[in-house]
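Per-chain numbering from 1; labels A, B and C assigned in written order.
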Amino acid sequence: MANNASGLTEYIGSTKTGDTIGLVIANVDSQLLDAMKLEKSYRSIGIIGARTGAGPHIMAADEAVKATNTEIVLIELPRDTKGGAGHGSLIVFGGEDVSDVKRAVEVTLQEVERTFGDVYANDAGHLELQYTARASYAINKAFGAPVGKSFGLIVGAPAAIGLVMADAAVKSANVEVVGYGSPGNGGTSYSNEAILQITGDSGAVRQAVISAREIGKKMLSSLGDEPTSSASSYI
Amino acid sequence: MANNASGLTEYIGSTKTGDTIGLVIANVDSQLLDAMKLEKSYRSIGIIGARTGAGPHIMAADEAVKATNTEIVLIELPRDTKGGAGHGSLIVFGGEDVSDVKRAVEVTLQEVERTFGDVYANDAGHLELQYTARASYAINKAFGAPVGKSFGLIVGAPAAIGLVMADAAVKSANVEVVGYGSPGNGGTSYSNEAILQITGDSGAVRQAVISAREIGKKMLSSLGDEPTSSASSYI
Amino acid sequence: MANNASGLTEYIGSTKTGDTIGLVIANVDSQLLDAMKLEKSYRSIGIIGARTGAGPHIMAADEAVKATNTEIVLIELPRDTKGGAGHGSLIVFGGEDVSDVKRAVEVTLQEVERTFGDVYANDAGHLELQYTARASYAINKAFGAPVGKSFGLIVGAPAAIGLVMADAAVKSANVEVVGYGSPGNGGTSYSNEAILQITGDSGAVRQAVISAREIGKKMLSSLGDEPTSSASSYI
């Protein structure tokens, strides 16, 4: 098939992973900008959209804001995953210059292949693990985690599995809970996930994430096949 | 297969398009009427339900209120589309006479085949375009658009695509933004869509909608096959 | 396939019906307990999670609280059913002793096979009917229905069908409406369902539920095949 988007100035790229698309608008229309109610208005915006994946895209966008002169001005989590149990994503970068936001979108599209490495799924649900030694502004905006410190994300679906993963994580190492989300209690858009965000010493955070992954895989396998990842584990 | 509903007095008809069903209740039970908390109570109600489609059903219902002595008393948007990125719908007409609401349901079922004409989809998402030279009370209730003026609706999923379509629309013609919806900022039920509503001179509204359709098709094709419509374009 | 969860102390069991898993945590981490914001904190919790089904799991959990020394401390309804029109569930039991919550989870897993008996589905939607002669604390917490009285639950998807089922139910017998839920008006997590909860004399409640089932099956069959249940009807 021909990619009819390749001739568009707005189009940066797309990946099959998560049905992810990267776009830019060099000079957003002012009426639209008002209607979007961004907390900070920029002339140029970079846009990441996906049907499947919120954590992977936020983590990838976090690398993009580290690497570029841009700011995250919007993160929204549709209830999606194409019939699965989780979220898709809409992330908007703002910048003074279109080349900056374009670069942020490019970095995100590249990084998202890595950040899908610890997403494991079978027909009954999924697990997601994320880890970084140093959180930046995308993670801070999405989860309220402290900038510059280690950060871990633990997700399990159905939510019952995520809840037990969360308990295993905090028991396995000396970490601090930054946030917790569940289907009806905030932190999700009614997805069937329990989600834990942690911070702390980088070794401890990594250990907690690994412990959650181990027990999560065992629980999810009781409902179907051994959960597998479409990419290579990075944690 | 036999349609077991055909003998029911409540059953008006159904269409495969959007899994749409049309029903009437001649004299709604008063306990139920209280529980539904309609803003205006009617003895007779007509009901349109669908698994897939909100815009097409609202536009079709708009023709129905123009053509009948009924009022729209409820429009709700479930997060549905059977694993897709958008909404289904629940629309209720009220009328003093059951023959009026029955007629409104019939008109809606008939019109909905037309209003699906500019819904384009592939495996990765969908686009929806709607246009009318003269909005009536269903459009006013759903979107706050002015009655009697031209109205256009622009939807893209994943939401990143809808956002760039919205920008293209308002840049291509002299139109006024009535509303904007996105996954986490209102105007959707956490669907993976960005949605723009516009009004203005009918030629300008139509031009804006067509421009959005053109760029939307190109972007969505980057994530899969060329998006196609199950019906004939009417715009 | 090997069930890798069977060696975990947290794992109680799972069923293919609804992709349901039952888990326990003997001594929940205090940081996690704080983050969960349960209305009442217990050291030991039992957890039921499912991708498909909320009513069946709440009804099953209601039998579990009758049979054990536990309390329901959380019921959340994700928008799920794996691309279908309804909810999944997350239910948490609290108890002073891990053996109590373990038993509650076991009873729920067992009962859920029965409470799926009047869930009927085809490709276009589903119906759910539930009935008990005596509601206990899970039903009370989920729906506000009076403890110790007969209770009926009527669900139809797409929501238009549920609305007409609700009307048929209250007209067919002398019952009292406890609650009503619809896609955008509360009582659902934006699922495409209309939901009615009723109480009253047990014969009347049962009659109302049966009447709703009859008309619901006819309506849903107009959108596809004859709706079928994966289990045996118990009402």
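One rule holds for everything that comes next: contacts are C-beta pairs under 8 Å (C-beta built on N, C-alpha and C of every residue); 3 or more make two chains touch, one makes a residue touch a chain.
Since we're looking at a predicted model, the values are computed, not measured.
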> Chains shared as neighbours by chain A and chain C?
Replying inline: B
> To bring chain A onto chain B by a C-alpha fit, how many degrees must it turn, rounded to the nearest 5?
Replying inline: 120
>> Can you work out the whole-Å distance between the CA centroids of chain B and chain C?
In response: 31
> What positions in chain B touch 2 or more of the other chains?
Replying inline: 79, 82-83, 190
>> Quick check on the complex: what are the chain B residues that touch chain C?
In response: 1-8, 10-11, 14, 19, 21-23, 25, 28-29, 31-32, 34-37, 47-51, 76-80, 82-83, 88, 90, 92, 189-190
> Where on chain B is chain A touching in the complex?
Replying inline: 79, 82-85, 124-125, 158-161, 163-164, 166-167, 170-171, 176-177, 179-180, 182-185, 188, 190-194, 196, 215, 217-219, 221-226
